[in-house]
Amino acid sequence: MRISTWEFYIREALLSLRRNGLMSLASVSTVALTFLILGLFVLLVFNLDHVAGTLESQVEVAAYLDPDLEDGAHLEIAKLIKEIPGVKESVFVSQGEALDRLRVQFGDRQDLLDSVEDMNPLRHSFEVKAKRPEDVKVIAAEIARLEGVADVKYRQELVERLFNLTRSIRIAGLAVVVLLILATIFLISNTIRLTVFARRKEIGIMKLVGATDWFIRWPFILEGIMLGFLGTLVSIQILNRFYYWFADSVYSSLPFVPVVSPADTLRQLTLFLFGLGLLVGAFGSLVSLRRFLRV
Amino acid sequence: MRISTWEFYIREALLSLRRNGLMSLASVSTVALTFLILGLFVLLVFNLDHVAGTLESQVEVAAYLDPDLEDGAHLEIAKLIKEIPGVKESVFVSQGEALDRLRVQFGDRQDLLDSVEDMNPLRHSFEVKAKRPEDVKVIAAEIARLEGVADVKYRQELVERLFNLTRSIRIAGLAVVVLLILATIFLISNTIRLTVFARRKEIGIMKLVGATDWFIRWPFILEGIMLGFLGTLVSIQILNRFYYWFADSVYSSLPFVPVVSPADTLRQLTLFLFGLGLLVGAFGSLVSLRRFLRV
Amino acid sequence: MIKICKVTKTYPNGTTALRDVNIHIKKGEFVFFVGASGAGKSTLAKLLLREELPTKGEILVNGVDIVKLKRRQLPFYRRGIGVVFQDFRLLPEKTVYENVAFAMRVVEEPRREILRQVPAVLHLVGLSHKSRMKPSQLSGGEQQRVALARAIVNNPPLLLADEPTGNLDPDTAWEIVRLLVEINRRGTTVIMGTHAREIVDTMKKRVVALEGGRVVRDDQRGAYGCEEAKAPFVLPEVGEPSGL
Amino acid sequence: MIKICKVTKTYPNGTTALRDVNIHIKKGEFVFFVGASGAGKSTLAKLLLREELPTKGEILVNGVDIVKLKRRQLPFYRRGIGVVFQDFRLLPEKTVYENVAFAMRVVEEPRREILRQVPAVLHLVGLSHKSRMKPSQLSGGEQQRVALARAIVNNPPLLLADEPTGNLDPDTAWEIVRLLVEINRRGTTVIMGTHAREIVDTMKKRVVALEGGRVVRDDQRGAYGCEEAKAPFVLPEVGEPSGL
């Protein structure tokens, strides 16, 4: 195929974009708008997943030590706990600290504790966090087998609930995103189909003048790709600005809410949307043409 | 205007729907799909709002009574509390009940309480729920002024957080829904504009034959209304089925999650979507026609 | 009835299609517009229909300056004119019957009238048997006759026919001209742009000749060409050098 | 070169446009197809271009049965045919130049060739000055000449011209016919459907007459009508009763 033919295809595609201003605008804005909605939900799902992950990592196992353990023996135990696979971190809580905490929990009913002050009945303990909630059970068992550990407790029910919650969030999020992707593809190719439909007569004429199917297709495909590209560009710009602003304002006003850091996420999202945009543009054109090439 | 002219308009609109099969299909499916997404989010927002409302109604004020109050005096106080505007419900918690609760809270550290068993330091109290979290402050003040009430406590911080949370949910939900409505309107009228564009030549011919603008407009408007109607019908059907299924499965598997009851919500949503669908269809046609009527 | 005074039409792209044209047409006249390809015949028809506006000059129809017509009044003005467009301009999605009926529906004729008139007109142009077909299912000449049927169905006082016989064989063309003459006899002013030398020469009606947008001739009982009889065409010699 | 054997064409809506047609055309011939409106001329052209398939019969072009051509082969077959469509079929969004150049791009002519050939052909049909315009900015006759320019720009071995002079004044029409004759002299087979009696009668070429889809006449040096000279048309009497 001659280079000048490719030049022709590209020139045709560009010209057509400009000539069919209304139709191009309709396609580009449909891509931009649907991708904007899609992108916002992908970001939302990313963040929900992140929050879920943060929650998961806070599940704790409490390991109470033998009350008659020597001072300093807990350092050995700490080392052993850290070696258990799946453990994220473990924190030593001394008898004294435990009582202080209880005091805080009791708030204005401190008087209840005054009586026990002198004979602190609490024990030293470790608070162990697991990387994933499904590991908690195994970790608890491992810790229980360590020498010097008297008792291991974790909130079975809470762990399971959390596990269910994060799994539901992930499944629902994925489902919504997949549905939105399908809807987006459908809406965009609907629009492209209409723009091709408006030019069906031209396609017929080209065929009668001796154009091959591919000679007719290429400019349309390139146009579809350009439409996809432009639409994606617009949506990506808006998404970027919005998300940086959003992440900033959350960081500064609600620092305890975990937000996915923008740079990485947006890079992935950009790649994904561009890929999708170009594919939908190209295939949308290709599929829409089929009917009208039968002349 | 003659009746036969109206008959003509309707016949034209119906014929055009059938003749422009591809374009009609594109419009109807765009309406259906965008409304489906819109409807799902309206339902989601309704439910989030419902959950938020449920949370709000659980904000409590604790009113501790004078320890040396006569037995039975609390009945009088209960009556007075119920009369305070904004109070949703109030529950009497006796000394004994309070201790039992504490016991439950302590779990396996019951030993802590054994010492206080005999000289129960806890007091009788009322747990008062407000209808709206913003009323809590006023209600607490009112209760404090009652005779026989020694002390009033409520968790200022929790109330405010909850208040913020529910307000954010409502604002964010409303914002998303409004944005989706705008996007929906835009996508639908984009599609209609393309279908009108494909018939711009016909419009020009009609004008040259002496048709008034309204003679040309009416069939398009009616067609737009029919497109909107059909699209809404499809989306409403799917939304109905889905939401009944969803509500049922939540009721049966997660009874503690509050779900908005289907019947009412769906009736409102149906009305809203039908209104929106018909309006967008009619106005979409009307606006799209404008350019091409200038002949 | 029609007064075209010093009309010049320059299209937005710079082409001047009419230059300083003055034509008066009386009610009931039958006028041929002739001229080479691109002389400005269709442009004149477009101006009369107010599809285009003149760049300069006035066009009075029944004493009304149609340049000044308001958008609202346009449809009502146009209803007084039947038009056969050079490129037919039929509604592609409507049947032959509906295309013709459309012109009557536009003026809200009662259904009874439509049911009576449309088949009659289709019979006149010889297309009764094609009334259920779409324009795309017709031959060129058939489409042209549908366009004529639509133009005359409302008995308009003015008929603009832009090459109404361009796609017709001589016999059918003559039948159409016969029809136009008949309509003209009943009082309709007929303006016909045409290239059909035989028809113009035979009819001996008023002929306005355009050339490069100017009126170069306006004869009461004129012919297609300047000389009454033109020398017949001579085939080029075999082997003659040519520009191809 | 072309053998049309027992071809019948019935359109999906039941109209039979051609009935049992047999025509053989030798390479280098110049053939007129004449016939009343709806006789089947355009249908024949559509069959030869394989825009439509015959209901019955065979069409051999250069020994190949074009009915059996595969979809893939179609464009290459069509490149051997230049066509002037009755309704022009220009690409509305392209300029005159681009419309003509398109036929050359399709066969991937080098750019040098396109730059040389397109202006030359536009000059031949007298439209050099309109090359930057869109079809909608041209008069009917100008559009028709663009269609012709596109048909001949690739020097195809077969030229199908469906009423290529229908929208042209007699002088321009004769120039176009002259062009066709010249092209024919260089070896191109020319098939021309026409209603122009004067042209057919003057040219004395082979004439195939169709009537209701049947070949009713096929004369080697024929005329438009059966009789060499037809009685001139007589205007209807004043006041003659009519069907309107």
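When the chains are written out, they are named A, B, C and D in that same order, and each has its own residue count from 1.
FYI, a residue touches a chain if its C-beta (ideal position, glycine included) is under 8 Å from a C-beta of that chain, and two chains touch if they have at least 3 such contacts.
Not measured: the values here are computed from a predicted model.
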Count of contact steps on the shortest path from chain A to chain C: 2
Chain whose mean Cα position lies farthest from chain A: C
Interchain centroid distance [CA atoms averaged], chain B/chain D, Å: 68
Centre-of-Cα separation between chain C and chain B, whole angstrom: 63
Computed distance of Cα centres, chain D from chain C, in Å: 25
In chain A, residues with contacts to at least two other chains: none
Multi-chain contact sites of chain C, meaning residues that touch two or more partners: none
Touch-based graph of the chains, sorted into line, ring, star, complete or other: ring
Which pairs of chains touch, using the document's own definition: A-B, A-D, B-C, C-D
Touching residues (chain side chain C, partner chain B) in the complex: 49, 51, 71, 74-76, 78-79, 81, 83, 85, 89-93, 102-103, 105-108, 110-111, 150
Sites on chain D touched by chain C in the complex: 11, 13, 15, 34-39, 41-43, 86-87, 120, 123-124, 133, 137-142, 144-145, 162-163, 166-174, 178-179, 181-183, 185-186, 195, 197-198, 202-203, 224, 232-233, 235-236, 238-239, 242-244
Chain B partner contacts - residues on chain A that touch it in the complex: 22-23, 26, 29-30, 33-34, 36-37, 108, 111-113, 115-116, 121, 153, 180, 183, 186-187, 190-191, 193-195, 197-198
Chain D partner contacts - residues on chain A that touch it in the complex: 1-2, 4-5, 8, 15-16, 19-20, 202, 205-213, 215, 295
